[in-house]
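Going in written order, the chains are labelled A, B, C and D, and every chain counts its residues from 1.
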Amino acid sequence: MENTYNPMELMITIAARNLEDGAMVVVGTGVPVAAAMLAQMTQSPNLTILFEAGGIAPLLPTMPISVGDSRTTHKGLKATSMAEIMELCQAGIVDYCFLGGAQIDKYGNLNSTLIGDNYEKPKTRFPGSGGANDLASLCWKTMVVTPQNKKRFANKVDFVTTPGFIEGGTSRVDAGLPANTGPYKVITDIGVYGYHPDSKAMMLLSLHPGKTIDDVKANAEFEVIIPDNYETTVEPSELELKLLREKVDPSGVIIGRG
Amino acid sequence: MENTYNPMELMITIAARNLEDGAMVVVGTGVPVAAAMLAQMTQSPNLTILFEAGGIAPLLPTMPISVGDSRTTHKGLKATSMAEIMELCQAGIVDYCFLGGAQIDKYGNLNSTLIGDNYEKPKTRFPGSGGANDLASLCWKTMVVTPQNKKRFANKVDFVTTPGFIEGGTSRVDAGLPANTGPYKVITDIGVYGYHPDSKAMMLLSLHPGKTIDDVKANAEFEVIIPDNYETTVEPSELELKLLREKVDPSGVIIGRG
Amino acid sequence: MSDKQLKKGIGELFTSPNADDMRAFLKDKSKQMKNKLSSVSEAIDQFVKDGDYLAIGGFGGVRIPTALIHEIIRKEIKNLGFAGHVSTHDCQLLSAGKSFNRCDAAYIVGLEARGLSKNSRRMFESGNVKVTEWTNGALSWRFKAAAMGLPYLPSRTMLGTDTFKRSAAIEVECPFTQQKMAALPALYPDVAMIHVHRADVHGNCQIDGILVADDDIAKASKRVIITTEKIISNEEIRREPSKTVIPYWCVDAVIEMPYGSYPGNMPGEYFSDEEHLADWLKAEKDEMQLEEFIGHHILSSKDFYEYLEKNGGMNKMRKLMQAEHLY
Amino acid sequence: MSDKQLKKGIGELFTSPNADDMRAFLKDKSKQMKNKLSSVSEAIDQFVKDGDYLAIGGFGGVRIPTALIHEIIRKEIKNLGFAGHVSTHDCQLLSAGKSFNRCDAAYIVGLEARGLSKNSRRMFESGNVKVTEWTNGALSWRFKAAAMGLPYLPSRTMLGTDTFKRSAAIEVECPFTQQKMAALPALYPDVAMIHVHRADVHGNCQIDGILVADDDIAKASKRVIITTEKIISNEEIRREPSKTVIPYWCVDAVIEMPYGSYPGNMPGEYFSDEEHLADWLKAEKDEMQLEEFIGHHILSSKDFYEYLEKNGGMNKMRKLMQAEHLY
């Protein structure tokens, strides 16, 4: 029997599969925490979840509404400060972080600060970095989960809030960021993307069932590298969907967004 | 009735009188903690005592044997780390510290590291700075309590473990140490010394009863400034001696040393 | 020193990072452990003035000193600076009061998963607010630098981004490894406002759960106002010295303010009032409507108790306590 | 950059302060939360080898991992480096075993108010030990730099002294205020040995009273061996997340070792055995006598329990527990 699922359910499932057992991940509210919870219920019971406000390894009773609310330390292993979480990332302990943003460019640089070209009087002001710049600078691998369209997949982001591979090549390390860190995957409603090992430009890894290369191209302002050997995304299993709908997000707060 | 007292009792009493109510002081074991306890029992009930290992404002049940032992946090206001105590000093919160040493020079520089002229193979190795260099660098006023003799009051200390006024004048601030900090008083078995406001050289403030200027000179290798208007040390009161002997050090561990 | 080009952020530095200035201030400040009980109104009168730079404890919608922020709006204190260190409902409140004209921004104008504050955005899009860009880590470390008595801390964040460019950070080289680092200037606020679980009358404070940056903020700030769910005795503080997060000498005023984090979450005590926070976002869509909303909830309330009553009083608080304990 | 002359300490740097090296090590290290129960003998075999650089938790005679240090002597591990961060009885033990050949010294060869260790002094006066000079604050901050993932921290200590000259610190200028600072290189030990009050089998640890530097040391070190008065369940750890000082991922081995800090003090549990510590100082006066003393107490004891028995066993422990509670 084929499963039916919506794009949000697919993206969360793919994100969850990327979190191997024994790894450490800093998550935000919404998709990231849903993915981490699903991973813990499937292949990664020993996935350690951290929240940037200070919560470490809670037994999450329900999805938090804030990365600092009391759910994030519920039966946790440690409750600490934001500085300590960022220091753990800076020390090289944390494998993954999850980020989003209003815009992403082909090197994985993210904008969550503003739209417009006048910093002093922006057309649209967004929250800013929050912890995003820190996490993307300091964790080993940055994953981005985002719906894909031409506005979001931008040739040039209006403001580089958060570093990806900067200008590609070695420019990230040249800027002083820790070696061997950087963007890892971008999970959208169309496909999953990685980065070319040398140029560090975004590259298709797998296409979701029913999606086409034309969809990829039509929904990115920049040229996405399309290698010969990209894959087709494995659909969510019955078990994954069941857990996601019944245990992770029973009230449909996240997956209800479609 | 005249009181009899030994030099140790006199030095502790003088030290205690220098700690005004509401002040904060970092103390070590022995004379400093005895002085701080006596001050709390006399003019300074709200003297806050800190121990460099992490104990803050204990209700001391008895004199600690280590600056890190459990007495130092007995009913304390906070139990923390050594880094945090040093950071409080660095932030400018702490008024006084008490130090000793094998040698002191006329600018109040202290040696507690070694005797000899070969660092690699010292004639005598002492513990080193411990927290002394930090406290003398970072607290506002450094007090030294020490028996006085020609060896200890040295022309040149074998090793500047802990900064006094370095080479006098403005050299302490020039070295980068925080403004308006430095040696404050030296309390010996002969007298109490301060420092000349400009040259920063050691200067007699008061002579203990029965001691002479000749005693000062005979027990210092360097020339101590003798101003016209030095005072005579006020002797310990009956109450001070009673508290010291019955409450602070009832088993005579410190005052028994003479 | 190598020939690497070292960069400088062009953002404005709103506060002096000079550790010697703060040392001089603290030298003269009384550290007497006296009774500091006060009221919301008195404390704001005494310790917050036009133009001050504020640091607000907690995490935007978690353990925030709501009563104190309301009072700032009621007293129409203006031209404040503040640290947007995950500033969510607090940013929304200060925007509603048009209380500030400059901000060190790490996270502003949003309420996390709840959405964006339309009115906070109006404020920041007006061109009337000076903004310097940072990150959560950077602001945490800027407070920590100040708490440690340092003028700066090195970090490995912000490098290579516009966030750095619009910050006031300066690139330095590690003198040992020649690695490029972002030097972050210490942040010494004029006033900190922090809500805690328990405090004694002297200001020794206990906090349950995450600290966010409040231990550092208390040490970094020239003046500190504490609201607390509960006043406890000094004996109780002394029973568990390891639990004291903020020590008395940092604190200028202590106010007992039960439910003081409402409508925010108070870990272990009560959950956030999501309905009321949603009403806030709704009211912000229209400036007239917002004015009415603030008039009703804040300006016409004589104190925080009246605000609590208007939002359901004891019965509502009971429900939020139940929500916190997951039943 | 002004024209101030910036100085460099001439002391040797025994460990690399490069944060990227430690990052690479930690990237590959397993962070699985597994059962790490071990024995003193196994843990030392597995995690400490000739030439390693050691950090020892506690405060010299307070909350020290005595059993682990005894095992290092029994197994004749040599050429160690160590951080003399108030190293008192631990320094005395390592000197008795002639276990080290280099030391970052802040406080060594003394036992605070108890006097100086004649044998430790012999070791340090022999010319066979390389020493680099620091202060308690400096070593605390060197550990903290490492725990923070930084290659250095600036500080305002040591400036203008021979302590600085014989350190490996480097003067830098604050890029904001041009104040002269002492840059302290991060200290990343090979192995940390820490004694705690309670730990679960995964290595989540609770410590009562002062931490000294042990939270930072655990994070700074490549490998961490924990001895604990008591093993508790993971559920108990999760009951009070704020009490977890060392988290599991730092830890490689956990050993239940009641009275593990003997003859040192264990805050809240038992006081130090001052008689035995006095016997140590006495035995050190004569090298022959010391050999006999070590032979009896350490070398001929098959484990730490036997050492405890030789020193009065349960009855002595009971007395030290009474002394701790002041009756």
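What we mean here is this: contacts are C-beta pairs under 8 Å (C-beta built on N, C-alpha and C of every residue); 3 or more make two chains touch, one makes a residue touch a chain.
All figures in this text were calculated on a predicted structure; none of them were measured in a lab.
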Residual chain clusters - chain C taken out, nothing else repositioned: one piece
Centroid distance [mean C-alpha coordinates] between chain D and chain A, Å: 40
Interchain centroid distance [CA atoms averaged], chain A/chain B, Å: 57
Between chain D and chain C, distance of the C-alpha-averaged centres to the nearest whole Å: 37
Chain centre separation (chain B, chain D; CA means) in Å: 28
Multi-partner residues of chain B (each touching 2 or more other chains): 55, 73, 79, 89-90, 138, 178
Junction residues of chain C - those touching two or more other chains: 19-20, 149-150, 155-156, 179, 181, 209, 241-242
Contact graph of the chains (line, ring, star, complete, other): other
Those chain pairs that satisfy the touch definition: A-C, A-D, B-C, B-D, C-D
Touching residues (chain side chain C, partner chain D) in the complex: 13, 17-20, 149-156, 170, 172, 174-177, 179, 181, 183, 185, 208-209, 241-243
Chain A - residues contacting chain C, complex: 28-30, 52-55, 61-62, 65-70, 72-73, 79-83, 86, 89-90, 109, 113, 119-134, 137-138, 159-163, 166, 171-172, 175-178
List of chain A residues in touch with chain D within their complex: 21-24, 46, 48, 55-56, 58-59, 73, 75-79, 87-93, 138, 140, 178-180
Chain B-facing residues of chain C, complex: 19-20, 22-27, 30-33, 146-150, 204, 219, 237-239, 241-242, 244, 247-249
Parts of chain D lying in touch with chain B, wherever the complex brings them together: 58-62, 84-86, 88, 105-110, 112-114, 116, 121, 124-127, 131, 133-138, 140-141, 143-144, 155-163, 166, 171, 179-182, 209-213, 215-216, 265, 267-268, 271-272, 274, 324, 326
